[in-house]
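Both complexes shown next keep subunit A, but they swap its partner, so subunit B is in the first and subunit C is in the second.
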Partner chain A sequence: MKNIFLRIVVSGLFLLFIKPDFILGDVETLMKTDNCISCHIEEEELPEDFNKHDIHMQKDLSCSGCHGGNPASDDMDEAMSIEAGFVGVPSKKEIPEFCGKCHSDIGFMRSYQPRIPTDQTDQYYKSLHGLRLKKGDTKVADCSSCHTAHSIMPASDPRSSVYALNVPETCNACHGDEEYMQEYEIPTDQFTKFAKSVHGVALLKEQDTGAPACNDCHGNHGAMPPGISSISHVCGSCHVNNMQYFSDSRMGAAFKKEKLHGCEECHGNHEVQKTSDEMIGVDDKAVCSNCHEPDDKGAEVATEIHKQLTTLATTYEKALAQQKEVEHKGMDDLDIEFLLQEAKQSLTQARTLVHTFDSVKVTVKVKEGLGKADLAIKEAQAQIEDYYFRRRGFGAATFIITLLIVALFFKIREIDQRNLNKEDRR
Partner chain B sequence: MSTSRRKFINLLLGGGLLGWLGSIFYPVFSYLKPPPVPEANVNSVKAGPVADFPKNSGKIIKFGRKPVILIKMDTGELRAFSATCTHLDCIVQYRDDSKQIWCACHNGIYDLRGRNVSGPPPRPLDEFAVNIVNDEIIVSKMKEIG
Partner chain C sequence: MFKKTNEKIYHWMDERFNLTPLIEYMQHKQVPVHKHSVWYYMGGVALFLFIVQVCSGILLLLYYQPGVDSSYESVRFIMTKVNFGWLVRSVHSWSANLMVFFVFVHMFSTFFTRAFQKPRELTWVTGFILLALAMGFGFSGYLLPWDELAFFATKVGTDIAGAVPFIGEAIKIVLRGGEDVTGATLSRFYAIHVAMIPALFTVILSLHLLFVQRQGMHEPDYYKNLKPEQKKTIPFFPNFVLRDVLLWLIVLNVLLFLAVYFPWELGPKADPFASAPEGIRPEWYFMFMFQSLKLLPAHVWFMEGEVAGILLFSVAGLAWMLTPFWSIKFDKSARFNPMLFIGIAVIAFIIFMTILGYLM
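Moving on, here comes the complex of A and B:
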């Protein structure tokens, strides 16, 4: 009995002081008991973007969590007094520090999420937005420009303004506004270009959250346009081999010397398109001819690489068509498909090796792929031949059987006739 | 003509007739027999005896039309994932030095849970179930939840 009483007391104390998540998350109760909210609801003065799903509200951090004051008091003057720590609405310049007073405090933030980063304010002040805000430019983005003020949700929440799929629209709200951006003299068509790019199509059309959004290249809190030296590192954070091959190549060294943007010079930036073999060589679509003359050494290498790639691509396409025919004819195409997969892999690797600008390395890989594709073609042809052999054989066998049936028919008729004649003679 | 000689001739003729019929119908049946075709929907495959598969190694097995990478970890635990890289469909391989799954095409890296950890792969690799039945490794499709 004593034990049960002790357990009840301990549980009560636990609920009172520890306040587990199921109590913290009771937003509806909070909206009724918190005097800031109930009064502002009554006065119809809630912020326009107020959302009860805001992460702070969900974690029991009501208005006073950010704006200070005493939500327990039903006296407006007392609740919003300086003595109660009320700070009201921060000015634009104060916002980073306003959010940072909690978000830069590792001790405080750890109680909510042990792995949460606390360097956002530091990063922000090193970003172009932060640097300009410090200088007094109040048009630049602050925390609330991207995260909103009262509808803040974790980046993993699809309703959040900073959820991967929503980031381009969030940035575009300012960066796509020609009038707003006029004084900064930077383009405002980044979103339009991005939406048409290979990254944009994957992210916005195919809803692939693995595809990069603005912040994946520019950073988020520390957002900056990537510089000349960092551009290949930005792209290389995902396209690792391409960056490594390029950095180790003579071209990479030459680009560095000429202070050219690595990847961007050939692939563009926001409008980066899916690559094609036409990009290399000296034809109209080839980017090599932007710098190389048709008769120089570079053009010669580019032409050779283009020739190698198109040879493998054409052979692969031919093998693929044969495999489709084998499949269509209902023959065994399993091994052919595996061979094709290997040929395609060699083609992909050869295309990546373009970034070495070494035609020998590309040729070696192309030869490997050609071996697989040729083998696939040979096997496909054997299957197709087998199919026609079976058809011819089946035709011949059907003919013989038909012939036998006809012969049998005449034989039976002849026997019947003979029997009839015998009976007549009798 | 004696009975034994007649019997012998009948036997010879009968045998000959049977042979003739066989030579006619054998090709017919062989043409009628369908050619080997790959199984359309594979749910599980045998991947060989457990003892033949060394620790800290991986191998690619054919799971119907799809390649699957089977890995035996240092601990002896077996895991299997789709071997098709989620970036551009290259075939991944096991790296025994870093103990990771690696795609040579663009240096995409997955951990031993199949999660994409670096490089361009946008998604994790699909996982397959691995069971051992009578010392034989059986790789099968994961059961769908619900």
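Moving on, here comes the complex of A and C:
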């Protein structure tokens, strides 16, 4: 009894001084049922990253859920005995199986989430991390390296280390550490490059969780660097049309033959930049000239495609400027907006068709867009003309009304004068 | 030849309808000329704007289609596709606002010149009813384009009506045609705007004009005390009428200027499921009441603040309508004119609350 009383007092004092994001609130409840927690609090031996918001804690799976033992017993020896199923802290090599014990068991996992995948351990052992771990490399990432050990939260939780916006930092913790990665002889500037890329800016700066993080291209549990054959599939999982056009093109076949990386050859990988029409053609910024000579057939096609795209882009910009003017003048721009949307759609499609490397296909789409943009310009000009017509009309109306007012003014004066004369005569 | 035909037509009409006495009456009717004569024209301007409203309203009716799926679209169509539709709609909206403004000016000028006194009590009462109807025109017409702001302003407006004790809920349901602002409300407001109020307005306006014609223009006290030879007058017809027309032409030009340079906008289409946008506010002539209700505390005495406010405005409105029957006689020797004080206090309150409403 005295022992329990002492524990409560010590735990209470402990709670007063611990960090606010640490265990609070639920601890009292857990203390009544879970002796692991109460004892470890008392002994100040809770894991450093212990967090009561851990998904397992939230689902009532406290320490014993993973480490075994008997949390009901207040006798340390008994609670942490082999008979009670205590397994202690797993070694690095044991971790995948340790987590997989439950996470690979659909029968067990179903009670928490019926549609949860249970192939993480399998995938892990097929990843570069898993393969190396099997060979005895204990520096590679295991489950806890990415998910943490005691602060595990669902990937949809913004506090989670594997939440989309946090993934690049999580991977970078190892992959950005030059010293740690030295023996693997791979670059460590992926994060720096990624942060500057179109994907990185969207994800990290604009907080667009739909933008790809490391795992979207490399996989997560089965993480591997994408190989030559799979790179266009990796990019194509989002950029579907681009991949399709490229695969069906003669260029795609030639790349395969030459064992060139598909998308990466022109767009790069981690530092992939926002594309522009300058990328195609034979100018300095054009990627085509990396392989093509200025006077070969490929350069000719690239020049033609560049010309087509710039024509549509310029016309579209001109139409957009006119629409802004119409809007600024307070005139009706709804129809123009619709036409511009269609022109923009054609421009996007024409830019996508670049991956066919067929100038005829691009030209057809460009002509379609030009038709819409020209119509938008025509409509905008009509609106602007109408704007000035209204003002001119107002000017004319004012002129007529002023004439009437002046005429009326003289008429009134004349009548008043006539009245005065009448009165004088009287 | 032309003159002869005219005379023939006149005689034909005169024979049947005895027009001569009417014309003679108008020619003999005199309008006093003094330093406050300018206020005589305000009612005429309001009348002119009402005529503009009727004409532009009829033109809008040719294309406007009431309905959740057609109101907004038809107003958009009027503004973008119909020849001069943009002008008609803009003139209709601006003219409505100017009309309410001039009715207010006309009313306060009548109040300050004490023109409401015997024998013009009923002219004042009918005038007040016309103001109320004009505001009703504004409130019902505001919803008709079925845009976002109109929708939510009507929601708030009918909610306020719903707070009236005992009958409020019933009024709200009758106005809305159900619990919420829906297509049923739109149909109702359309009927109110184009049929009910115009009919009532025409009757009351006819009475108002009849009273003015029968009793002639009010003469201010100091003018009344002048000797007959010192009293300057002009004949109502054609001298006064021509001056009226001159002013109407100026107002018409101002109206065209506003319609062309500040075209009335059409916001995004109303979406009953969207959350209310920021800055929902009623038309400016409701603002002082809206703002006062907003500023009232949650509870006043034993009533809810809003209920107390509505009651207060109802009582004040009724008292204002009955001004001729309670107005305090002003002793010329006394320095303090209570009616002048009341009038200035009312205007100051309206202006202050309106400005506050737009600032907050």
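Simple rule for what comes next: the second predicted complex is superposed on the first by the 365 of 426 C-alpha atoms of A that agree within 3 Å, B and C clash if a C-alpha of one lies under 4 Å from a C-alpha of the other, contacts with A are read in each partner's own complex, and residues count from 1 in each chain.
As a convention for this text, a residue touches a chain if its C-beta (ideal position, glycine included) is under 8 Å from a C-beta of that chain, and two chains touch if they have at least 3 such contacts.
It should be emphasised that the depicted structure is a prediction, and the values quoted were computed from it without experimental measurement.
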Task = State whether A:K361 touches subunit B only (first), subunit C only (second), both chains, or neither.
result = neither
Comparing subunit B and subunit C in the superposed model, the one touching more of subunit A is B
Request  = Check whether A:F394 is in contact with subunit B, with subunit C, with both or with neither, and answer first, second, both or neither.
outcome  = both
Does the superposition put A:K92 against subunit B (first), subunit C (second), both, or neither?
neither
- Task: Return first, second, both or neither, reflecting whether A:L408 touches subunit B, subunit C, both chains, or no partner chain.
- Result: second
- Message: Between subunit B and subunit C, whom does A:Q244 touch in the aligned arrangement: first, second, both, or neither?
- Response: first
(Q) A:G330 in the overlay: touching subunit B, subunit C, both, or neither? Say first, second, both or neither. (A) both
(message) Just to be sure I read the superposition right, which of the two partners does A:A211 touch: subunit B = first, subunit C = second, or both, or neither?
(response) first
According to the stated criteria, A:K193 is in contact with first (subunit B), second (subunit C), both, or neither; which is it?
neither
Looking at A:F338 after the superposition, I want to know if it touches subunit B, subunit C, both of them or none. Which is it: first, second, both, neither?
first
Subunit A contact set shared between subunit B and subunit C covers 330, 332, 334, 390, 393-394, 397-398, 401, 404
Touching subunit B in the complex, subunit A uses residues 202, 208-211, 238-242, 244, 330-334, 337-338, 341-342, 344-345, 348-349, 352, 386-387, 390, 393-394, 396-398, 400-401, 404
Per the touch rule above, subunit C residues touching subunit A in the complex are 76, 79-80, 86-87, 234-235, 238-239, 242-243, 245-246, 249-250, 252-253, 256-257, 260-261, 263, 265
In their shared complex, subunit C is touched by residues of subunit A numbered 330, 332, 334, 390-391, 393-394, 397-398, 401-402, 404-405, 408-409, 411-412, 415-416, 419
Interface with subunit A, subunit B side, in the complex: residues 24, 27-28, 30-32, 35-38, 62, 65, 67, 86, 88-91, 104-108, 116, 118-123
